[in-house]
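Starting off with a structure, shown below.
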Amino acid sequence: MLVANEASTPLAKKVADSLGVEFSTMIRKQFSDGERYHAFPSEIAEKDLVIIGATHNDTSHQEVLDLIQGGRYWNAASINVVIPYLGYSTMERAKPDTREIPKGITRTRQIFRARPHFVAFIDLHSEAVLHAHAGEIRTKHLWSDRLVVKKIRNLDLDDFVLVSPDYGFSKRIARLASLLDCPHTAADKDRYDTDKTIVSQVSSVVKGKSAIVCDDMIRTGGTIIQTASRCLDAGARDVYVLATHLVLSGEARKQFKKSKIVKIIGSDTYPGVKSDDLIDVYSVAPLIKKVLKSHLLSSADRLRNH
Amino acid sequence: MLVANEASTPLAKKVADSLGVEFSTMIRKQFSDGERYHAFPSEIAEKDLVIIGATHNDTSHQEVLDLIQGGRYWNAASINVVIPYLGYSTMERAKPDTREIPKGITRTRQIFRARPHFVAFIDLHSEAVLHAHAGEIRTKHLWSDRLVVKKIRNLDLDDFVLVSPDYGFSKRIARLASLLDCPHTAADKDRYDTDKTIVSQVSSVVKGKSAIVCDDMIRTGGTIIQTASRCLDAGARDVYVLATHLVLSGEARKQFKKSKIVKIIGSDTYPGVKSDDLIDVYSVAPLIKKVLKSHLLSSADRLRNH
Amino acid sequence: MLVANEASTPLAKKVADSLGVEFSTMIRKQFSDGERYHAFPSEIAEKDLVIIGATHNDTSHQEVLDLIQGGRYWNAASINVVIPYLGYSTMERAKPDTREIPKGITRTRQIFRARPHFVAFIDLHSEAVLHAHAGEIRTKHLWSDRLVVKKIRNLDLDDFVLVSPDYGFSKRIARLASLLDCPHTAADKDRYDTDKTIVSQVSSVVKGKSAIVCDDMIRTGGTIIQTASRCLDAGARDVYVLATHLVLSGEARKQFKKSKIVKIIGSDTYPGVKSDDLIDVYSVAPLIKKVLKSHLLSSADRLRNH
Amino acid sequence: MLVANEASTPLAKKVADSLGVEFSTMIRKQFSDGERYHAFPSEIAEKDLVIIGATHNDTSHQEVLDLIQGGRYWNAASINVVIPYLGYSTMERAKPDTREIPKGITRTRQIFRARPHFVAFIDLHSEAVLHAHAGEIRTKHLWSDRLVVKKIRNLDLDDFVLVSPDYGFSKRIARLASLLDCPHTAADKDRYDTDKTIVSQVSSVVKGKSAIVCDDMIRTGGTIIQTASRCLDAGARDVYVLATHLVLSGEARKQFKKSKIVKIIGSDTYPGVKSDDLIDVYSVAPLIKKVLKSHLLSSADRLRNH
Amino acid sequence: MLVANEASTPLAKKVADSLGVEFSTMIRKQFSDGERYHAFPSEIAEKDLVIIGATHNDTSHQEVLDLIQGGRYWNAASINVVIPYLGYSTMERAKPDTREIPKGITRTRQIFRARPHFVAFIDLHSEAVLHAHAGEIRTKHLWSDRLVVKKIRNLDLDDFVLVSPDYGFSKRIARLASLLDCPHTAADKDRYDTDKTIVSQVSSVVKGKSAIVCDDMIRTGGTIIQTASRCLDAGARDVYVLATHLVLSGEARKQFKKSKIVKIIGSDTYPGVKSDDLIDVYSVAPLIKKVLKSHLLSSADRLRNH
Amino acid sequence: MLVANEASTPLAKKVADSLGVEFSTMIRKQFSDGERYHAFPSEIAEKDLVIIGATHNDTSHQEVLDLIQGGRYWNAASINVVIPYLGYSTMERAKPDTREIPKGITRTRQIFRARPHFVAFIDLHSEAVLHAHAGEIRTKHLWSDRLVVKKIRNLDLDDFVLVSPDYGFSKRIARLASLLDCPHTAADKDRYDTDKTIVSQVSSVVKGKSAIVCDDMIRTGGTIIQTASRCLDAGARDVYVLATHLVLSGEARKQFKKSKIVKIIGSDTYPGVKSDDLIDVYSVAPLIKKVLKSHLLSSADRLRNH
């Protein structure tokens, strides 16, 4: 049975379609005191339950926990969770002596503690969250690299360079560049404070080329817009932006419209994101389909073909 | 260190005052994408952490989990949680074959799984939730009986009877009646469906007396208002209502104003509840103070006076 | 492999028969110091082990624990337990400040801690015991409703009403009444102490009808015999009694013979119960057969029909 | 608080006396259906609970589990268990391919799974049972060597040798012999089957001396009586028997009376054992007192004298 | 997928051959700082992983832990471990008050804590190590009895007796003797200290026969060589030695060459052991093959033939 | 009691000295087959055990596990581990689809699974390893920042800049720069492959200044030597190197001698490191002393001053 939390229902329906299975809508009611009622629409005992749910806010995160625990309660054969967008993933560590709660770790730990059998994540900001359990839960980190390469090739640019605004992301950019057989660089920062980042300069390798600024997620978009400006300063012909998770919070959309960025390419992992003039959204459904197919079918196949 | 989730801050401050300890306000920030940042305001390593938090909605429930896990992360010596009002406590079991998620169990289990050392609850709807863990966490069910008896005595009624609208609650009413040395009864129901309850009749024991309708919580107030009417039908002089948890959702306040109920007595366990002409709110702070004092001081005292 | 503890062997044999599988008798020896030796009669490694056992006394309870752990030790593929009658199920909570041990919880927890994969219970007195583990064990609460409805229909009464002596049981009675499309009521109690119950009155709805007093279990039978008398006082034509678990301890059988009850209908969940003039025992074997079939076959079928 | 299961109450009272603490008698009731009710006689929250209980039959074993879990339920600060005699300790391993349940392991595991904080055992038949948990519970194996040495010295024999009927026990005998500075030997067995043991011969070292046949426990006494005969055959002056656990099941007492054994020295670990003409029972209370004192006081002292 | 740690690769290849499956060689690199890199050579997700590895030194033990955890990390369907020789198996208990670390228990516990699904051991020195976990992991103790009996029969001796130098091993010798239908005895020890053993005498049953001294393992060989001498003193025609685990540490090989022992028969469980003039090594591969076949195939077959 | 594994004994002695406690040397023996025996030199039951041990190779890592488990076995009151250098810390994640074992996670998990109560690490390469448990163990990440700042100030350089060769380390460098109130930069890389790094260029900010190349550890030193060359190319006056962990494997020392680096400053976390002409080693003992003091004393103090 394939279900989703409310927020990820559109994406989950695409996955169900591509797998050729029925999407099951949870029975939901809300009481006058705000409490939410959930029931599975049909028998799940001894069935494999797939739950697709982004955890981008308290309600969505909590709904994922409820669905996992509900599946356990009603004796699902296995509980397989796909988290397209993991909330709090940038809070994966606490600064020394701040006593701040590293929710990237603690909230992911809540998911593991609900005792699913398998959890897949997409393009995580940090893999540290994968380890927030005792080593007994099957996890899978899905990379959207192949989907992204296809999207870039479809842009049909004749000369381009990948640009990373964030050094933490540069290993993945190197990997993408090698798949695309193109150059890549990272924005330079002569001087920056502990907390604030000022993008000062981008290497001249972008000169005369299309610059594709790549990141794992766009939140307010500040750093990316700065990096785009520096690319143009350094002689880039034009600037594209590529990011898996399009959070686009606060004034992000407005700021991007004002920038000289030609196009933003991103996925449908963050609930509610939509394509428009500037933003070109592709779906991660094929990626999810693939992992579910290989993960859930394998045990059956293994037995059949023993 | 004594902290609270945002919703239970007023109650927690009362507890801190009565214990003579400082209330520590968590450092809170909210980012543009809605994610909330929390940090403890000062060192908690090797200190006993007390967390007071009602879990009446997703955000409050989640904040309690975050605080427990944060206390663990920063090496608090012990984590002691008081949950004045437990959300979803009426969903403590699933009807046969409904496949509904019994969140009274599953959400309480989330709290236990965050691994606090001690959790106290107040006037639980069902004790089943206490057992939603593997038997290793210290729990304490606090009853407000003594506070309630005092409130009733203060009403200075010369002849009264306790009335239960809900048979599940009648054991506690018998206990209260025995403390108050007064009669008690329960509303009669000749015929009722699986789902809907119609209060048909109250015993004539209420005739000429003040009826005090008692329940653990008031949500929309429907059953209680019906019971009050039946008490008046049966000749009660006047009707008071007593309940620990004043949820008062939907049209509850408006409906109560229209009813002939003289006064509603309830506690401050549900966040945001306030006294007014009709509602008389007392605080459970003395109850919480007492348990914290005995629980936290005991280990120290035990060693000193060995 | 299907085995049983000694006490539930007759019931287990019926289940084996109806499933068309062999019943395996454990090898048992007892040493002079009273210690009991158990061995499985044939290889169980990599087989699904089914254990049927009531836990109505220390020895039976302990034998169930031994069998589960023995199955684990000898590498059974899965361990599936059916507990027709759960001992101590009425001690599912401790009264405040009594420091009494709630063995309904703690003994059930022992069963879960022996680490079976699946545990089914029949007509539990309280579902609280289901939650006495950390949320990782598959449990199933079987209701005998369908079997009971059939038994009542077979009585061929033309006009009857279901009567509950115990408010805790009234939800299930409402459910039965709705399946039978008949009225139901509950005995009234104007005044009762914390500890002792006096059934004072039954609604006139029973007048001229057959009253079927329903409860989950009969122990000494006191309350049920009182309720039966009140039914007759209120004009009931005759009284039947219906209960899943026929403990019939102490003087119960003698007291029932003296009462004006026409017939007691109950199941064979409690070890040793036998039909006689008054008591009509039906078997829960069909219920157990059904759950075992669906639970154990499903994984195989699921793979075959993938 | 120091409590005991019913069987070990006399021993526990001796321990309480020697520690100078009060012995608390559990509140016990038994219902007509055989179920037993237990309550702690006074507040145990935040107190160290000591439970003394032999587990020599199902009821005693089960009562120890109930007391541990009850202590957990009512928030004892720590739960410290002393098991003077461990039931099933000779079933500490299963013979290959027998599918017999090694209850020495599985029942001890039940004790650990009830989650006490500390468990002490006396003169275990096999230390394998100590490891029947995941390595997280404090265990202590108490040896009665010092008490035994004192008892032997008090016999005031001028020339004696220790004789082991069982090679498994010979390491301990070597240890005792070294404390007593006396010779020791073991009975010889030219030929024995897998299952049955025939003691054929004892070394001539016993000639003209008092032979003290030593074992960890006496059950039916068969092997010990045989060994005693062989000692006399080999010229021993007279024969004494020494064993920690006096089970004396079946015809043991009668057989011993018929043998030429002068005296049997054993402890009060097995419930109900009493001194008489032949049997001289000493108490292990000093041993238990010592471990409780050092274990329970140490944490307090450690803090005081830091 | 069948892999091995480096040390047990030759044995694992034999097992793979006899099972008709491919042996997969781990990808191994070693960095300049001594750290070792391991990667599985092909996809293991959803496959059954078999790991064969003796744990005779820190590096081999650690490699087994790494392989188990690696299999967990990459989502193997099941992780099945065969440990031909278990390091530290003779340190299965700590002497009283020595504070020595019983690594036989603690290191085996490390293996269980790495969370494999199944662990098989061969001819363990003590079964106590099997219980060094919480009772949830499938373990199997494989006895080489059948292989050994064949080897002895192949010696074609016309009259022989099995001799045990170590009483702890005598139960297994009785079992072997019963399979071979031959007599057996154990070396006698009139007097021995707590720590040192002097083999004084062997029964005259060996006179004129071939003596086969049997033990579970040969380390320095001291006791075995002594026992062989005593056999010759007692008139044995000649002496053979039989042991499962040929550690042969220190001067063992040299001492054996100097002794009058005709042949040493042992298995290939200990890494690096090789046949020569004196030593005749047989392989345990058939034993391992058998358990893997029955353990891994059973679940598939069970489903097919349901 | 304060002990250490063999490798970290010199550091542990310094810590013991500065704490004013005795250093306890484990009793160690090695048998001819290579197995190592360990015993605690005196009673540890109910004492706080401190274990200091780098885990830079299999033997040292294993010894730390043995000591933790030994402390558990002998009932230490608490087990507190300090790991000055964590082996495999750079393997904290697996590259996609490589099936490489991320030993940084799995080996650290072994440490947590041995169930210490507290584990402190120094200057971790990645904090991801901190989360390799279920959230129940107290961990502490100690930063050597304050010690390092002091060392740099002692160099008495009048104008210097911190240079990071590795972007992963740049956050810490920013933190150090802010404590020292000096500029900092990172080496630039126009183009690099997925696997190999070529340091192409360092910003001109180093011109005329002393460049201090900072990293968390030096293994072969390749990248650091390259970065140093680029600094000189960019006009740096001279180059210093600063790193916490001086692994210096392979040809590192020789290569550094050949380079133009003036001085290497590092700590004594990696076993065996020594000061010489080029290398200036400071001790982390003050850092360890501080954390042990605050962690172990706090509970006692808390009780005293309650």
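Each chain carries a letter (A, B, C, D, E and F) given by its place in the written order, and its residues are counted from 1.
Operating definition for what follows: a residue touches a chain if its C-beta (ideal position, glycine included) is under 8 Å from a C-beta of that chain, and two chains touch if they have at least 3 such contacts.
Computed from a prediction, not measured in an experiment: that's the story for all the values here.
**Q** Could you tell me which chains make contact with chain C and chain D both?
**A** B, E
**Q** So which of D-F, C-D or D-E is the twin of B-D, meaning more than half of its contact pairs are the same residue numbers?
**A** D-F
**Q** If I average the CA coordinates per chain, which chain comes out farthest from chain B?
**A** Relative to chain B, the chain whose C-alpha centre sits farthest away is E.
**Q** Go ahead and note the Å separation of the Cα centroids belonging to chain A and chain E.
**A** Distance between chain centres, rounded to whole Å: 50 Å.
**Q** Using CA atom averages as chain centres, what separation in Å is found between chain A and chain D?
**A** Averaging C-alpha atoms per chain gives centres 62 Å apart.
**Q** Where the CA atoms of chain A average out and where those of chain F average out, how many Å apart are those spots?
**A** 33
**Q** Can you list the residues of chain B that touch 2 or more other chains?
**A** 69, 73, 105-106, 109, 113, 135, 299, 303 - these are the residues of chain B that touch more than one other chain.
**Q** Per the touch rule above, enumerate the chain pairs that touch, sorted by label.
**A** A-B, A-C, A-E, A-F, B-C, B-D, B-F, C-D, C-E, D-E, D-F, E-F
**Q** Could you please specify the touching residues of chain A with respect to chain F in the complex?
**A** Its residues touching chain F are 93, 96, 105-106, 109, 113, 126-129, 131-135, 141, 143, 167-168, 170-171, 174-175, 178, 183-186, 188-194, 203, 205.
**Q** Please name which positions on chain B make contact with chain F in the complex.
**A** 45-48, 69, 72-73, 75, 77, 115, 297, 299-300, 303-304
**Q** If you look only at chain D, which of its residues touch chain F in the complex?
**A** On the chain D side, the touching residues are 118, 135-136, 138-140, 294-295, 298-299, 302-303, 306.
**Q** In the complex, go through chain B and note every residue touching chain A.
**A** Against chain A, the touching part of chain B is residues 27, 31-35, 37-44, 56-59, 61-62, 65-67, 69-70, 73-74, 87-88, 91, 94, 98-103, 105-107, 109-110, 113-114, 219-220, 247, 249-250, 252.
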